[in-house]
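Structures given as structure tokens follow.
Next come two complexes, and both contain chain A; in the first it sits with chain B, in the second with chain C.
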Partner chain A sequence: MLRFIPILTIVLMIGPVSAGLIGTILPAFGILPALGGTTPSLEPWLALVAQPGLGASIRLSLVNGLIATFVSVAIVMLFCAAWQGTRTFHTLQRILSPILSVPHATAAFGLAFLIAPSGWFVRVVAQFTGWDRPPDVAIIHDPWGIALIAGLVAKEIPFLFLMTLSALPQADTDRTAQVTASLGYGRIAGWFKATLPRIYPQIRLPVLAVLAYSTSVVDVAIILAPTTPAPLAVRILGWLSDPDLALRFMASSAAVLQLLIVIAAMATWIAGERLVAIIGAQWAVDGNRLKRDGAVRGVSAVMALVAAGTVVLGLVVLLVWSVAGFWAFPDLLPRGFSLRLWARELDAIGNSLTTTLLIGIPAVVIAVTLVLSCLENEVRTGKQAGRRAMFLIYLPLLVPQISFMFGLQVFFSLVGLERTLVSVVLGHLVFVAPYVFLSLSEPFRALDPRYGQTALCLGASPARVFWRVRLPLLTRAVLTAAAVGLAVTVGQYLPTLLIGAGRFATVTTEAVALASGGDRRMIGIYGLFQMVLPFAGFALALMIPAVLFRHRRGMGAQNKG
Partner chain B sequence: MRSKMRTFVSALALAVGLATTTLSTPAFADPAPDVGNWQSVLDQARGQTVYWHAWGGEPRINDYIAWAGEQVRERYGVEVVQVKLTDTADAVTRVLSEKTAGVDDGGAVDMIWINGENFAAMKRNDLLFGPWAEQTPNFAYVDVEGKPTVINDFTVPTDGLEAPWGMAQVSFYYDTAKLDTVPKSAQKLLEWLVKHPGRFTYPQPPNYMGSTFLKQILTELVKDPKVLQQPADETDAEATLAPLWGYLEDLQPLLWRDGQAYPQNGASMRTLLADNEVDIAFSFSSGEVSSAIEAFELPDTVRSYVFENGTLGNTNFVAIPYNASAKAGAVVLADFLMSPEAQLRKQDPKYWGADTVLAMDKLPKDMQDAFANLDLGIASLAPSERGTVLPEPHPSWMSLVETEWQKRYGVVQ
Partner chain C sequence: MPETIKSGLELRDVQVRLGGRELLAVDLTIAPGEIVTLMGPSGSGKSSLLGHICGTLPDAFEVTGQVVLDGKNLDGLAPQDRHVGILFQDDLLFPHLSVGGNLAFALPSHIKGRTDRRARVEAALVSAGMDGFYDRDPATLSGGQRARVALMRVLLSEPCALLLDEPFSKLDSSLRSQIRAFVFDLCRKNSLPTLMVTHDPEDGAAAGGRVVELDG
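And now, the complex of A and B:
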């Protein structure tokens, strides 16, 4: 039974993605019988190429995605190198972890409310300059997409940081640091020369997932990216929802193009990795100690803090907006406060929270079960080949959602599974399972095999070893992975709306619909509502092991991960 | 420890069981209701659930829809669920993709709040159920004579495929605490902007409000407005549109952000006015402006006005897709939405503040009084203050203008 789970898992991941991709690729080449497209043609591509500003849209997606990813990775690596093992490191760890529960769109709105020409920062400046009008400059929706990059970086830093954290224990970093320090290397140089080469392979997949996301993001882009023209993914969404039916063909070819852009971004990134490896190999042995790195250490701490601080301050301004009466520029605070909207929305929120959990809990439980089974199977069979095949589980993170979601909707309609709880849960599972795998596989594989071997020697069956030894030891890792999974399912908009046909009103579908009304009070309230479940998930993941193991100091240490 | 594990396993089993229990809605053929026999419609509707796909960005409107749902549940036993959309086109797209997949019965969409381009597209592609609208009892109160747009949606005859729900007319608004005089025509707006560069913008087409602004300008500048009532390809479209592009040539560099960025929609344009980024904005309903003041979105010194030569007006409707699962329920709901009682509440800015489609002289006396006694709100225009209502151009003009605008101004980089 256990042997078949890895195959089942991969099928569950690859099946929907492939079905969706077929549903996108066929119309991209003119095949869509219901709309009269029966012969293959390049017409959709010609129409796409004729779109004004296509080059600029592609450039925005590709270049901004690469820059956002590079900046996020650079800040996280630099900060880890400079501060690992210090009190600053642990403090930031505490700030960054909860930020993981902030949805991308919420963080983006928070950022916009801070940095827009009418935002909090300019209001502070206006107190001294006496401006009564916001300056007419494009700080958000700027033509270069800098605001978009900033929004992505602020949100990806916590994710990459936590992924790095879970990889650190396996690299024996503390002792490495002692060795490099005793050889006279500066902190950063020692870390980059001796630790990074062992850490990077382990966080490579999360990095590629960030790259794929950044090159195809829609929600953050709508809030922060330029619109003349917009990045490609945003324009695809516009074409797909155009009443003009003929645009469907062109939108499909654009969705295929979006996939090619992601592939191109990854190829560029991997080429960059090679280059860095070649240069780095020489640099690592050049004997240069680079001891005076105080300034760089300071800068790295400031950058990490600014990123975390921006998100936190963004949440504060969302909270203020959510209770604001009329709030004119350049007032720092609203003229009056009102809990009116909170009162009415609290009444309504119960149902959408329940629906969110109705989808989220099965998706997370199935994902955790599948991932644990795959990993346990690895341990029992000792197979490495299966390990390589498991990379396929990440496919849904690397293929842009917009390139297969609409095809998938048609597929579910065809098999008559549309708008059922099962299909929505399956749709969510496609995105939840990879993240659960991502956060659980490293701790699971890093677990000292001698615990299990000892138990086996004492006569326990493999099943008993799993339930009584491995699972308890991994309690915190499993709960954290479940919390990550919950955060992912709560945030799903397109899969919930398209596959669920509007039958499942979750916190996120409500939030997105109400955000289209543009009232910043509602955006604030629903942005905060969206955080409730993920935040509770992460809090439980911290609290449950603490309570379970309150009398077992050794378990506490083991479960720190 | 043992008991905890057992709890974990049983919780797991429960959750897996929960997930595999299909809550599937079996696809069934919903027989077309016989609208001529109203009692049979009511009988068929009882027990049905109507999934009404409607824009969900405005809490007050969502509340109104929820109220209407409660009323039809109590009176006719019809459940109503609003599927909150960010864009009406999403519902149209869904019906289209169902047709793609061969789902000709038991579709996901039972009713759509719709008009203009979306209606024209659905009608053209035979995606609508009907005719039904003009046989419903409350259609008798509709002001077909005084408000010709209730049966002509952007010049396209409705043919009973959609029921009128509300009237809309473009009105501009500004903060009286900041401006003394306002430009009341396209030409004067341009002259005003020369003196106040950067203090006006419009949502980026193909957003509905943005395209509406372009059509407003076009209607004002075109030599013979009647041309716009015909499909664009039957006329000399280039010559017709020339004055619009000439006007935009001058206007674009004077816009907010030099025309390099635009608000996403009408709501974000309203936010710009609240933040004092622009001085003049516009909306499809002056009642909406009063409501925004009520919701603290705008200062209470904001007031509405219209252009001296008139502004575009239209009607919005509800329509039923050809493959809807609850057609009778949708017809009953649509009929209730046209009732004097529902229309009165809709016009009351306490609840919504949108104009009625009904003819006052067709209503019973007590209802006429109730409408007359409504307090329309401080920034709303009374019917006497609204000037001329200009007809919407044929939808083909909108597509043409949007495409051409995208070519000329959609790419500034």
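And now, the complex of A and C:
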């Protein structure tokens, strides 16, 4: 039984992606029998090319995605280089871990409320300049998409930072830093020359996932990106939701175009990697030690803190808005506070939280079960060959959601699972499982194999070794992975919307739906409620092992989840 | 448990290879209660041999020859069915279980009843000079205590042979001779055929048995 689970898992990942891509590519060339498309044609592409501002949409997706990814990676790498092993590093680690649980849309709303012309930042400035009206400039939805980049960077930094963190021990970074320092290298130069080349291969996949995401993001873009024209992915969603069903054909060709954009972005990135590798190989041995790097270190710390601080401050401003009474410009705080709106929305929020859990819990339970089975199978068979195949599990993270979610919807309606809980859970599972795998595989594989060997030699069956030794030892890692999974399903916007065809109102679909309305108090409430479940998940993942193993000191070191 | 003839642990022409390269070749018989020391530089495949005997060696290794314990061929048996105990240089006490929990984990299921099982564990603790330690957290024990619990844990699983993988190398030198005596004494008392791999000549001398030198 266990032997077949890796295959099953890979099928569950690749199946929906392939079915979805086929279901997108066929309509892109005019074939969608349900809507009367039976003969191949280039009509959808001609219609797409005729869309005004298509070039600008493509440029926004491609360039902004690349810039957001580059800036996030650069800040994380610089910060790690400059501060690894110091107290500042550990402090930021403590701030960034919980930020990982903030859904993208919440972070984007928070940022919007901070930087909008009537946002907190401008209000602070207005205290000194005496403005009595918000300045008439487009700060969010700015034509360059800078707000979009900022929103993506603020949210991707914690993710990339934590991924880097789990890669660091494998390069023996603390001692490497000592060696480079004793050879006279500055911190940053030493890290970039001796550590980065060793850990980059391990964070490459998360980096590419960030790139695919940033290039094709929908929810954050609805909140922060330019609107005339919007990035391609947002326009595709618009066409897909249009009452004129004929637009589905053009939307499909646009979704294929979106896939090509992501591929182009990855090709650009990989070419950039090559270039950096070539230049870096020369630079690494040129003996230049860059000892005076104090200024750069300072800047990197400031940038990382600004990114983290923005998200935290954004949450605060969401909270203030959610209870705000009348709040005139340029007052820093509302004149009065009221819980009226919270009271009014309580039932609706309860319903959307229930729906969120109805989808989330099965998705997380299935994902954790699959991933644990795959990893356990790896241990029992002792085969490393399966490992390379497991990379296929990450495929859904590298393909833009919008490019296969519509096709997947078409596929589900073909097999009669249209708008059902089963199909929505499967749609979520595709994204939950890779993140659970990403989170759990490292601690699982790092567990000393001799614990299992010892237990076997004491006469315990493999099943008993799993349930009584490996699983308890990994309690915290498993719960953390489940919390990561929960955060992922709670944050899903497109799969819920497209596969559920509007039938499933989760906290995230509700929150993003509010974006166009601009009711800040409602956005505040729903934005915060998006956070409740992920935050509770991570809190439980910390608390449960602490309580279970309160009399087991050895479990602290054992279980760095 | 059926009484079998105690004829000891036999390694018949055992060769361990990795990627076509021969790591080690041994042919020896260890009588019940005898302690044989296998000495050799690191990378000579000593630990792989132990892994092969207890059945946890990864598939990548090719092994020829036979491992026979008390007349029974072990090749192909699952590790949990071999009755071969192993001690590593780390005690590997399960950090999530109490000291008593660790010992009870090893106790075979044919010993039934909560009170009986508890009594057996308590008796083992007494014989290790650690009575009253049942509910203790393993993380709060001293190095010597942990080593003794690890040995008692193996013995409670009723092994028919014992493997020692550099078991004393992480102990303070002041503790080492004391723990060595404790381990060797119990091996003999339980008539266990014991195979120890080490690169510390003192281990072999203290064991007082045959010493087999491997060349790298």
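Definition applied: the second predicted complex is superposed on the first by the 538 of 561 C-alpha atoms of A that agree within 3 Å, B and C clash if a C-alpha of one lies under 4 Å from a C-alpha of the other, contacts with A are read in each partner's own complex, and residues count from 1 in each chain.
Note that contacts are C-beta pairs under 8 Å (C-beta built on N, C-alpha and C of every residue); 3 or more make two chains touch, one makes a residue touch a chain.
No experiment lies behind these values; they were computed from the predicted model shown.
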Q | Clash or fit (per the criteria above) of chain B with chain C on chain A | A | fit
Q: Identify the partner contact of A:A505: answer first if only chain B is touched, second if only chain C is, both if each is, neither if none is.
A: first
Q: Specify the partner with more touching residues on chain A, choosing between chain B and chain C.
A: B
Q | Partner chain in contact with A:F406 - chain B first, chain C second, else both or neither | A | first
Q.
Going by the contact rule set out at the top, does A:P472 touch chain B (first), chain C (second), both, or neither?
A. both
Q: Report for A:R520: first if it touches chain B alone, second if chain C alone, otherwise both or neither.
A: first
(Q) Under the stated touch criterion, which partner chain does A:R3 make contact with: chain B (first), chain C (second), both, or neither? (A) neither
Q. Should A:F329 be classified as contacting the first partner (chain B), the second (chain C), both, or neither?
A. first
Q.
Considering the aligned complexes, could you tell me the closest Cα pair distance between chain B and chain C in angstrom?
A. 6
Q. Touching chain B and also chain C: which chain A residues?
A. 468, 472
**Q.** Parts of chain B lying in touch with chain A, wherever the complex brings them together
**A.** 1, 4-5, 11-12, 15-16, 18-25, 27, 51, 53, 55-59, 83-87, 89-90, 92-94, 96-103, 108-109, 117-118, 120-122, 125, 198, 204, 206, 256-257, 260-262, 264-268, 270-271, 274-277, 295-300, 399, 406-407, 409-413
Q) Which of the residues in chain C end up touching chain A in this complex? A) 51, 54-56, 58-60, 78-80, 82-86, 88, 90, 92-98, 105-106, 108, 137-140, 153-154, 157-159
(Q) Can you tell me which positions in chain A touch chain B when the two form their complex? (A) 32, 34-35, 52-53, 56, 117-118, 132-134, 136-138, 141, 143, 222, 226-229, 238, 240-245, 248, 324-329, 334, 336, 338, 341, 344-345, 358, 361-363, 365-366, 369, 406, 409-410, 413-414, 416-422, 425, 467-468, 471-472, 497, 501-503, 505, 509-510, 512-522, 548
**Q.** Residue ranges of chain A touching chain C (in the complex, touch as defined)
**A.** 381-383, 448, 450-462, 468-469, 472-473, 475, 549, 551-555, 557-558
